[in-house]
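Presented sequentially are two complexes of chain A, the first with chain B as partner and the second with chain C.
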Partner chain A sequence: METVTLTIDGQSVTVPKGKSVLEAIHASGGHVPYYCYHPGLQVDGSCRVCIVKIEKMPKLQTSCSTACADGMVVTTNSPEVEAARASVFEFLLVNHPLDCPVCDKGGECPLQDYAYSYGPERSRMEFPRRVFDGEGVKADVDFGPTLMLNRNRCIMCTRCERFMKEVDGDAQIGVFQRGVHSEIATFEEKGVVSLLSGNLMDVCPVGAITTRDYRFKSRPWDNPMAVDTICTGCEKGCNTTAWIKAKPEWAKGARLVRLTPRFNEDINQYWMCDIGRFDYHWVESDRRLLQPHVRSSRGSDATPWDEALVAVKAAVDAAGASHARVLVSGHASLEELYVLKQFAGLTGGVTFSWRHRPKPQPANTQFPIPAVDAPNLRGAKDLGFKLGATDSATDVSGLRAAVDTGAVKLLYVIDPGPDGSVGDTEWILAAKQSGKIATLIVQGVLKSALTEAADIVLPGCAFVEKDVTFTNATGHVQPASRVITPPGDAAEDWQILSKVAVAFGATVAQTTAAAVRQAIASECGSTPGYSALADLAFSRPVSARQYMQASNPMERGKWDTMFQDLPPIKFGDDFGPLPRADVIPLKPV
Partner chain B sequence: MSFHPLMDYGKGMHQSQRALADEGPAFVFTAENLATLEDICSRYPAERRKSAVIAALYLAQRQQGYISRNAMKAVAAAIRISTAEVEDVVSFYTMFYQRPVGKNIIQVCRTLSCALNGAERLTDELQKVLGISTGETTADGAFSLFEVECLGACDRAPVVGVNDDWHECQRPEDAQKLVDGLRTKGAASLTGCHLHKEHS
Partner chain C sequence: MELILTPHVNTPNGFTLDFYVKQGGYEALRKALSMTPDDVVDVVKASGLRGRGGAGFPTGMKWQFVDKKSSKPKYICCNADESEPGTFKDHVLMERNPHLLFEGCLIACHAIGAKVAYIYIRGEFYHVQEVLEAELAKARAAGFIGKNIFGTGFDCEIFVHRGAGAYEAGEETALIESLEGKRAQPRLKPPFPAVAGLYDCPTAVNNVETLCNVPPIITRGAEWFASLGPEKNGGPKLYCLSGHVKRPGVYEAPMHVTVKELIYGEQYGGGIRGDRKLKAVIPGGSSVPILLPDQIDIPASFDGVMKAGSMLGSAGMIVMDETTCMVWAAENLLYFYKHESCGKCTPCREGGDWLHKLLGRIERGEGQMKDIDLLLSVANNITGKTLCAFGDAAATPVLTTVGLFREEFEAHVREGRCTLKADWRSEARAHAHAH
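The block that comes next holds the complex of A and B.
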């Protein structure tokens, strides 16, 4: 690789040719603030806060748009740079409202933090601020089905416009008007209608674009823990961070308050789709299955696990193991499938079913969302399961034919996913109604028509409640970490399966999930990715001090460097007693 | 498109106060304009077709007198870019009008040279003569008055753009004459560069 060597603040730095000065500064451990620059978007150079002094150049240069060259001498902290940077901040803040206490971005806002670190201590602007849609709460206007827009807070970095143009592929956002009247808007004020719209909140460096889902629900210091996990909405397997609220009673009992994308160069870069981002409320909804249920002459009763498992054993014995069929959704993890595999041969057969749902997206989008809503089909194949005639469309015709002939006396449905993740269930309900399926056992997480009809219901865990692994469509074996505890008596699905295995007359040798993963690693070790399962480390909740580091790498540089020179006013006890008096040096006016 | 059932879209939310362009009547490029547009687009590489957006907007404005939202949609379809990108351009340039304007468009420059030479007083005088404020159109639809940024004739400041022509070295007392000339003789009253003796 061709490299160039330059000097940054007296330190010699070698970077690949073509890197910008800003990237070189960050790579060498230094830091300059930035707003319009985003590693996932093209360079714009409009915010001007990343300016640095480069020797032999007549004026200060924006480091994001200047390519590194051999022999450059870059200064990021000379008095000249600091003064110019402070002036830029003064301009950025000319019209920015001082509503940080009620702004949703407050506490995780680059404008707030950088202005504090690099800005002037006070503004000299005395005229009224420019107002677009109204003062205060009236400034928050409708910006499509998922977003709200506050134009007064906007600093015109145009990240959102470039995201829609470059990544989404449908340039719905434009910068309308000119100069100080410039505003972010959509044609005819229709708002952003896109399956990637949630990313606009991530790229917005101020509180101008917020999501309706997270608005007013929490503040960064109310989410002191974050967990790195993955999304299991589809076969893409986007890397995400799940945010846990410290006082769930302030968010209607919800502990999981937000999911944000986490950088993974091979899979999702900096982004995730709205389905994965916003469709998590089912995890902590009232519709969760809390206890095992067994149907008797009195109806379906909540029962303890041991009685439910006895009922399963009785049902399997009554039907005969070879007349029992298993229907698995694509949401079953590697651990669950491995345990299932150990007694699959004793059953009449295992069928996979999932939802195939093409997503409406622009043709030239850079972030296509797969149509297959199943996170682990590749894993099922790697473990040796047969999925059906084709990999994309679900094929349950064989099972349906067997049910129609009456050969299936017991159907065991395993679906740890949200609504619809096992595909069409109407035919199962019809078969149960007509008596073609004598016994229906459902292992799932949500109450549904299927669990209503079931004879035995076994409550499992959602993807954020268990440490499990999935293999996405591109063959990446990834851990989904336990973020919150499962509700009620819900148990980890692999444990349920290992107990059901006993009913089928099989014994599962592994007694811990780690042992299951080790067994998978030794069995599939030749397939790339699986050998790492043996000693896989799951993410644990990380404390507030690192939570941004665990999250978007765009912000990572900021959180690595911002607070080293700042008094620890944000996170309290992590840093020991607060030197309150030193927070803001008071000067005589 | 509803991807989350828990969100009640649009209910109880403040709506934007942004002034939209006039929707206007249904807009279709005439065959002649469409041919011209294709000719202009052919000057650019196929993947840079959107470079013709300004030319297309001028064609639409000449056809309709202003650029309505329907016209923006037609331009977006013809240039194959999004409507937001078209409105982006329309709202940036003062030469594009988003609502119907008068037959004669008077644009007074307010940038530095003109401002120093009394453009503001000239604007006041024109407002008085026409009986309208800047940005408005007279009731008879004959005149629209705008303040614009530099028209590129700083050496003949203050300069007034009348339709597609410059009208230079205008003093406040010339306002009545300018308007009367346009009323009676139309564009013929503009005889190029109107220098006064003391300036020449």
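The block that comes next holds the complex of A and C.
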């Protein structure tokens, strides 16, 4: 690779050719502020806060738009540069309302942080600020089904405009009017309608674009813990961060307050889709299955785990193991599938089912969302399962034919995913109704028509409640970490399966999830990605400040100044270790 | 003195194709097509023709920078977005001598290997567009534009595009953006238009007057052209006289002429209206520093005005007599710059508005002494930090008026009113009421 060597603040730095001065400064450990620059978008050069002095150039240059050249001498901290930068910050705050105390971005706002770090002490502006739609709550206007827009706060970095044009592929946002009256708006009155709209909140460096899902829900210092995990909404496997709100266990409301994308160059770059971002409320909803249920003559009753497992054993014995069939959704993790494989041969057969849902997106989008809503189909294949006649589409015809002939006496459905993740269930309900399936066992996370009809219900964990691994469509084996504890008596699915295995007369040698992963690693080690499973480490909650500094290169500098001036949070700096999943809380939440 | 660009502007029907051909029109194109493109560029380079749009960049060099080896099509963009306050020379050329512009465009296309030229005219020039379109149709019918011109196999088409009316569209990259159908906002440079301009193809953007100078250079030679003016400032130049002169208008003169002659000369401005005293001259459109009466005995050439500490710019001379309130003048200009700022980059977008508000406060008599220093500080903070030259242009009127006429600003603050006997202002208000 060709490199160039330049001097930044007296330090010699070598970077690959073609890098901008701003990237070189950040690579060398220095920092300059920026707003319009975003590593995932094209350079705009309009905010002017990244200006630096470059020797032999008459004016100060924007470092984001200047390419590194051999022998360049860059100064980022001379009095001239600092004064110029401060003047630009003064301009940025001329019309920006100082409503940080009520702004959703307050506390994690680059404008707030940088203005404190680099701006002048006070503004000399004495005129009333420009107001677009009104002040206070009137300033917030609809910006599509997922977003709200506050134009007073906008600093015209045009990241949102460029995101829609370059990544989404449907340039719905434009700048209207001119000069100081410039405003962000959509060409159609309905606002931004896109499956990637949530990213606009991420790219917005101020509180101008907020999501309806997160606004007014929490402040950055209220959710000081963040966990690196992945999204399991589809086969893409976007890397995400889950944010936990600090609150006592008895307090109302969810602990998981938002999911944001995490940089992964190979998979999702800086982005994630709205389905993954906003569709997490089911995790802590009232519809969660909290306890095992067994149907008796009195109806379906909550029972302890041991009684439920006895009931499973009785049901398997009554039906005969070879007349029992297993239906697995694509949401089952590698660990769960491995355990299932240990007794799959004793059953009548394992069938996979998932939802195929093409997403309405522009044809030229740079971030296509797969139609397959299953995070682990590739992993199932790698473990040696057969998905159906074709790998791409759900094929349950064999199972349905067997049910129709009455060969299936027991159906065991495993679905640790949200509604619909096991595909069409109408036919199961019909078969159960007509008595073609004598016994229905459902292992899942949410109450549904299927669990209502089931004879035995086993409550499992959602993807943010267990340490498990998934293999996405491109073969990346990725860990999804435990973010929060599961509700009620819900247990990790691989553990449930290893106990159900006993009912089928099999024994699972592995007693910990780590041992299961080691077994997978030794079995699939020749497939790329799997050998690392042997000693995989999961992300644990870390303070948001540490997290941002460590993981997201794009936002590295933004968080440098966060939380420094604040008094200690009421819950202290550390939650301590999260309770283990198999320890049952005294009172269901 | 022989008029080269504007000989027939006052002749009835002097703008028509028949008249132009009778005067030997399109012969320069015939001659240029018999030369190689490189020779045409060399002749223009040798003539020392400098861009008439404002920066005075050598035209031949600009054409030479166009990447001829590129496999992409090349374009000529004629910058006819004449929006600088005090400038109205291109308007005259397009309205009264359109075929000279067409011929210049065609020769430029031949020189850089382009097949298409776009004339981007200002949104307010709708009547000029009609003239251009009509004459373009005639020239096309006569075979001067289109396929196989003069049987030489040279194909060239000219399109007229009228913008939506923005000062910023006169910046060359903003012009290109606007031509592509986007907002007229400047691009980052590099890459320069010569490498990646219109539709990402090599492009040369030239002013109307610049292109109009090309046919005479081809016909009569580079040496003749250079000999018309002082060294490195050759050729004829159009001067736009406006403000408090007796005969405002467009005057053609070689660049030997002095600013003083232009204002007081009988064949030019004819002196100050009402024989009042001269107070200040803005020599090159509103964006350049002011010249004081004792500074005007200088050649009105690029280098001459530069030496005096200002710029020739677009040669739009705004003459202000002793009754002019400089605070009002600055506020007036800043209203324009605030209104025309494209809003892309921060200092110009926010700073222009702030300056205008400050000036308005002082002009209304509500200002404080600290506002004057604040004006200078804000203007200095804009200068040199913007994406294009607009920011510098917007700050200049403030820096130069406060720098030269600070006592007037202080008087406004002290007295709470304008201390000048400015009867024109009450006249202007009376007119406004009458309408």
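Methods note: the second predicted complex is superposed on the first by the 547 of 589 C-alpha atoms of A that agree within 3 Å, B and C clash if a C-alpha of one lies under 4 Å from a C-alpha of the other, contacts with A are read in each partner's own complex, and residues count from 1 in each chain.
To be clear about the criterion, contacts are C-beta pairs under 8 Å (C-beta built on N, C-alpha and C of every residue); 3 or more make two chains touch, one makes a residue touch a chain.
Given the structure is predicted, the values throughout are model-derived calculations rather than measurements.
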| item | value |
| --- | --- |
| Room on chain A for both chain B and chain C (clash or fit) | clash |
| Which of chain B and chain C A:142 touches, first, second, both or neither | first |
| Partner chain in contact with A:127 - chain B first, chain C second, else both or neither | second |
| Which superposed partner A:156 touches (first chain B, second chain C, both, neither) | second |
| Partner chain(s) touched by A:43 [first = chain B, second = chain C, both, neither] | second |
| First (chain B), second (chain C), both or neither touched by A:59 | second |
| Chain B versus chain C as contact partner of A:216, first or second or both or neither | neither |
| First, second, both or neither for A:188, with chain B first and chain C second | first |
| Which of chain B and chain C A:94 touches, first, second, both or neither | second |
| On chain A, the residue positions that both chain B and chain C contact, one per complex | 174-175, 177-178 |
| Of all residues in chain C, those that touch chain A in their complex | 166, 183, 188, 338-347, 349-354, 357, 374, 377-378, 381, 384-387 |
| For the chain B and chain A complex, residues of the former touching the latter | 1-4, 6-7, 9-10, 13-18, 20, 69, 72, 81-88, 91-92 |
| Sites on chain A touched by chain C in the complex | 43-49, 51, 59-60, 65, 84, 87-88, 90-92, 94-95, 124-125, 127, 130, 155-156, 174-175, 177-182 |
| For the chain A and chain B complex, residues of the former touching the latter | 132-134, 137-142, 145-146, 148-149, 170-178, 183, 185-189, 193, 195, 212-213, 274-275, 278-279, 281, 360 |
